[in-house]
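Common to both upcoming complexes is chain A, partnered first by chain B, then by chain C.
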Partner chain A sequence: MNFLSKKSYIAWYFVIPVVFIHLFVIGIPSILSLALCLTDWSGLGKINYVGFENFIELFDDRYFKKAIFHNILWTIIFLTVPVCIALMCAYLLTGIKRGQMFYRLAFFFPYMLASVVNCQIWKYLFHPIHGLGGFFESIGIEALASSPFTTKETSLYAAAFVDGWHFWGFLVVIYLTGMYQVDNHLYEAADIEGASKFQKFRYITLPMIRPIFIFSLMIIIIWSVPVFDYVYILTGGGPAYSSEVVANYLYTHAFVRFNVGYASAVGTLMFIYVIFIVGIFGLLRKLGWEI
Partner chain B sequence: MMKTLVSFVSAIILSVSFSAFSKTKVTWSMESNADRDPIFLEKLQNAYNSAQDKYELEIQFEPNETRIESLRTSMLAGMGPDIVETPGPSYVKEYQEAGMLENLDSYAAEFGWKDKLIPWAYSSGVFDGSLYAIPKTHESMVMLYNKTLFEENGWKVPTTLEELEDVAGKIKAKGMDVYTYGSSGWQPTHEHLVGIYLNNYAGPQAVYEAITGEREWTDPVFVEALELLKKHMVDEGWWSGSLENYYAIGWDDFHAQFATRGAAMMTIGTWTFQATSLGIGQSGDEWGWAPLPSLSSNSGGPNFMIAIGTTMSVNAAAKNKDGAIDVLNWIMSNKDVVIDIASDFQFGEFVVPLLLDDSDIPSTISPQVTSYLNEYARITGEGNYGYCTWTFWPAEPGVHIWKDMEVVWAGDISVEDFMYDHQKMWDKARKKNETLPVPLRD
Partner chain C sequence: MLVSNFRRKEAIPNHFILILFALLAVLPILVLFFNSIKPFSEFGLNPLGPPSEIRLQNFPDAWIAGEYTKIFFNSAKLVFGSVLLCLAVSLLAGFSLAKLNPKGSTVIAIYLLVGISIPAQLYILPLFLLWKELSLLNTHVGLIIIYSALNAPFATFLIRSYMIRLPDELFDAAKLDGANTFQIFFRIALPLSWPVILTAGLIIGLAVWNEFLFALTFITDPNFKPMATILFSFQARFENNYALQSAAAIMMVAPIAVLFMLFQRRFISGLTSGGLKE
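What follows is the complex of A and B.
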């Protein structure tokens, strides 16, 4: 019994309640979901084992492939646009002494709002009756006369834009935190050497915030897999699957089409992908990468 | 004297308490709606509770967006409300297959429910030969038009495709949209239009044959029907001016458009009657309704598509099964209660398909709705009825018909390919015994 009161176990005791909750809320449902991907369960009633039939069907499903492509596109967009803007703004903010708090708050504000609020604002702005559509039409910008959320060619980018608009303020805050930790002597030395602002950013700031920067890329890659709320509220994956993403596809199959087995197969693939990404980052860390 | 008074008061308190506490609770999970909830509470819950001393009905309101999922979860856990309300027969089928609903055959026989309900509506709740659901409301699709506007311009209410295309041209020339309608907030709105074109171009007989498996959905008559819909939707922009606008506007918007002459007509379900009366009533214009125009000679004249909006069943794991049965029987035995509640919604909600006479329609109902009810009874009574997708399509083809219609409208696949996929889904549903009850045609 003595080993139970060992000092090294005390931390474990405190963690047990969290582990317990995670086990029930995430662990068991995940395991069940993994099991359900081999069945044709409708969400109610009998569960029939169908082997890998769901996966075979999935690999032949043109809309699932389209959803994967959109997720990849979404990841690329988020790895570039908000990251670049946030890096630039965070760096510029470090040079602002007065009123910096206002900018930080203004940039971060959309992140504090619920996704449904953000979406409704933008949906309303581009509403064909009450929104800016009529105005754009009157000044000859026909492309914005219709809502970009309901136009096949633009729906995915429009949803990504709104999500990016809410997200980039978060990146600004974490980059800014990293930038404030950079030793000021380095900048002073660079000033003596006559370095330009861009050179200081390229050769001092960026290398010094690398762990935070890589971390931000990792969370973007991981968070881009289950992206759901903005797409669901703004476009519902439409029109014509033009903004369909994997999580929305999973939701439709599980809760609208009564295809829980099929949806579980989608979920399993998402799970494998996330494990793969986390594994790659772990491997790189083991290989000595500073991430 | 004092002693007698105390005893008397105590006896009254005891008897009241006994009656209050002796009532057993019956629960009902109902779709919530800010306008409708107070009426259901007053005229259904409280009225039932006052009418008898045995059971205490408790209606729990929740928006359908979350209610459908929470209901499914609670039913899976062997819990759930005593009265199970679903959005339609495809949901009933899922619960029935899972053995979660009570077989109502013996109660239907005991209380004579079959004789009280419209035959097709009764049969919509019969699965594998037994009754499992009672319709809470039934509905149809109609064409509404701005009567004042039509009269001012001398336009004729269209009854055929030629007349429809003619009046559509005149409406557009006036700078208005032909129809106002949109799917924002409810993507399955597309199926309303698909159903209209299938039933009014191919005709109800062809649709019936396809539902029962006597005809394939790849039949040219269905392909032509949906080609025509695509032409009107995409090329002509009949609904709200363009396909993009149709996707972008929702319930409040299209009612506002109709009331403010943004559009001259609206294709919609009868659940709109109250909203339309209130909306256009404020503008000073008068509205009218008409059956949907026949879009080809196949359609066989005017018909009304029949549909079940919501169903009521009894949970097989109900804590108070007898109470739940008593509530359902009370509804079906009290025509006045049903008519009173339905009247508050201009017969757009809680239209329990009881057999009614002309004399049952109260004078408080708007003349348009009264004339609709009479026409609906006459035309469907003659066997001229079509089939709404949300009542007669199994779950997966039922989603495909609206979700993938967008792909057709986007031009990503042809109508032929769409119908080929649709037929495959029906074949799969038939193989898995997922098809829904359909009333026999005369």
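What follows is the complex of A and C.
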């Protein structure tokens, strides 16, 4: 397009507002954070340069290590459970004619709801007396005798469950879009060969939706880094750090203890990790991985 | 539509599994709805089922207890302010990236793409300190600016990918008629782009309505809090009054449910467009 090629500076006027507002809110504070991670600032008073001391301290901090471990667990859970369920549901959806839209809306609706609402729903349902716990007890099953959010062994998984419950419908829709693009003749050919349902999925559907599939994995890995709402609202990272995640740990240091330097160091590590993941997927794409 | 005969005979077991998962998705929300119209006294006997007696009074009760007239306006202000500001800057940028191709526009596109993947935790603390300096803490303007910036990259790309498909001939013709760039933008690009404006507006509005982290951090004065963080404190305040809690939650869900029924396709395509490549 060149209908304005002579006055290309006008084109810049149009982009300036978005660049300005984005730099103001995200760009510059991010750079500040990358700088502050080398200081011991507390938000007030003098800023002392301390080099990599924050990072050295972080690698020695067992709560931080615990939080990282929980984020890794979180990532693994999300890479498996919702992905498998969503793949299955999307595949089953392509095989039916009636009720397509109904299922799609039902699966997707929780994704539209606020984290506070979803957390409230499940806090109630997992309540040992009022929710499902009472129901199970009345039919003689001792499940959910205490809330999984306040039990050390289950708090992280319970929070992940609620987040996953809200998220998986999104994956269904994404996979479904990919599956509709698969050429029907491939399935017909497979039928003539006598392929089973699972074989068709494994050898036709999955390879054909690979770009979308790989992309969804990347999104999950990236989105598992800043996980905050569900942990903060449901468990607050507890009990006894059993569900602590990196974002919540940072939040505590930033807004409860005002360790600006330390919190910035955590943020910097999160950022480096995300850029690293994006870089890896970009590299794989360059190497001809078709993603 | 891909539905062929060869798989129709498998449809019944498919439905069976799909219904199970649909129930898993919908039943918890239905329980919340039941609880919002259930008398408080009924919770002990009937915690999960539909109410034996419908009590709509829960809603006015929750509305008054949570001072929702004020809170609702707070959220509405944030939603409309952010949608307007974000759409304004994103439409300008999307138009430029789609049709004007300024030199170096790839740099901007890459900057915005990186911007999308930066975790909020990296910049939230310096931003907080900056907002404190500028006295923007506890103001809606401050939060509107943040929400606009957060959603602008997504909106810009959505608008760009729509505008890029508008026929170039229209723009060339307008240019020959002597229209300047701003006139072309307002008279041609904008009127033709209303579908994407609607989609982007809905998605931004939804994101702002539901947002938690920034609302929690930047607004601490209860008079200025939006629905999301008020509901959070409401849950703590009325810990055991599930009727009130559920009514408050339903008040937050209702506008979204209505809009979702009206604009399902827009919501779904808009929300998943970030996850799909062109």
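Here, the second predicted complex is superposed on the first by the 260 of 291 C-alpha atoms of A that agree within 3 Å, B and C clash if a C-alpha of one lies under 4 Å from a C-alpha of the other, contacts with A are read in each partner's own complex, and residues count from 1 in each chain.
Keep in mind that, in the parts below, a residue touches a chain if its C-beta (ideal position, glycine included) is under 8 Å from a C-beta of that chain, and two chains touch if they have at least 3 such contacts.
Just so it is clear, the model here is predicted, and its values are computed rather than measured.
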Clash-or-fit label for the pair chain B, chain C on chain A: clash
Contacts of A:Arg285 with chain B and chain C, given as first, second, both or neither: neither
Chain B versus chain C as contact partner of A:Phe255, first or second or both or neither: both
Touched partner set for A:Gly43, first chain B, second chain C, both or neither: both
Contacts of A:Leu32 with chain B and chain C, given as first, second, both or neither: second
Dominant toucher of chain A (residue count), chain B or chain C: C
First, second, both or neither for A:Ile96, with chain B first and chain C second: second
Touching partner for A:Lys65 - first (chain B), second (chain C), both, neither: neither
Contacts of A:Ser147 with chain B and chain C, given as first, second, both or neither: first
Contacts of A:Arg202 with chain B and chain C, given as first, second, both or neither: neither
Touching both chain B and chain C, residues of chain A: 43, 123, 130, 255
Interface residues, chain C side, partner chain A - complex: 1-4, 6-8, 10-11, 14-15, 17-18, 21-22, 24-26, 28-29, 31-32, 35, 43, 47-48, 85, 88-90, 92-93, 95-97, 99-103, 105, 108, 111-112, 114-115, 117-130, 145-146, 148-150, 152-153, 156, 168, 171-172, 175, 181, 185, 206, 209-210, 212-213, 217, 227-229, 231-232, 235, 242, 245-246, 249, 252-253, 256-257, 260, 264, 267-268, 271-272, 275-277
Complex contact set, residues of chain A against chain C: 1, 3-4, 7-12, 14-15, 17-19, 21-22, 24-30, 32-34, 36, 43, 85, 88-89, 92-99, 101-117, 120-125, 130-132, 134-135, 165, 169-170, 173-174, 177, 179-180, 182, 184, 187-188, 191, 197, 211-212, 215-216, 219, 222, 225-226, 228-229, 233, 246-247, 250-251, 254-255, 260, 263-264, 266-268, 270-271, 274-275, 278
In the complex, chain B residues that touch chain A: 68-69, 72, 75-76, 94-95, 97-100, 184, 187, 240-245, 247-249, 253, 256-257, 262, 395-396, 399, 403, 406-407, 409-410, 412
Of chain A, residues touching chain B in the complex: 42-46, 123, 126-130, 146-147, 149-152, 236, 238-242, 252, 255-259
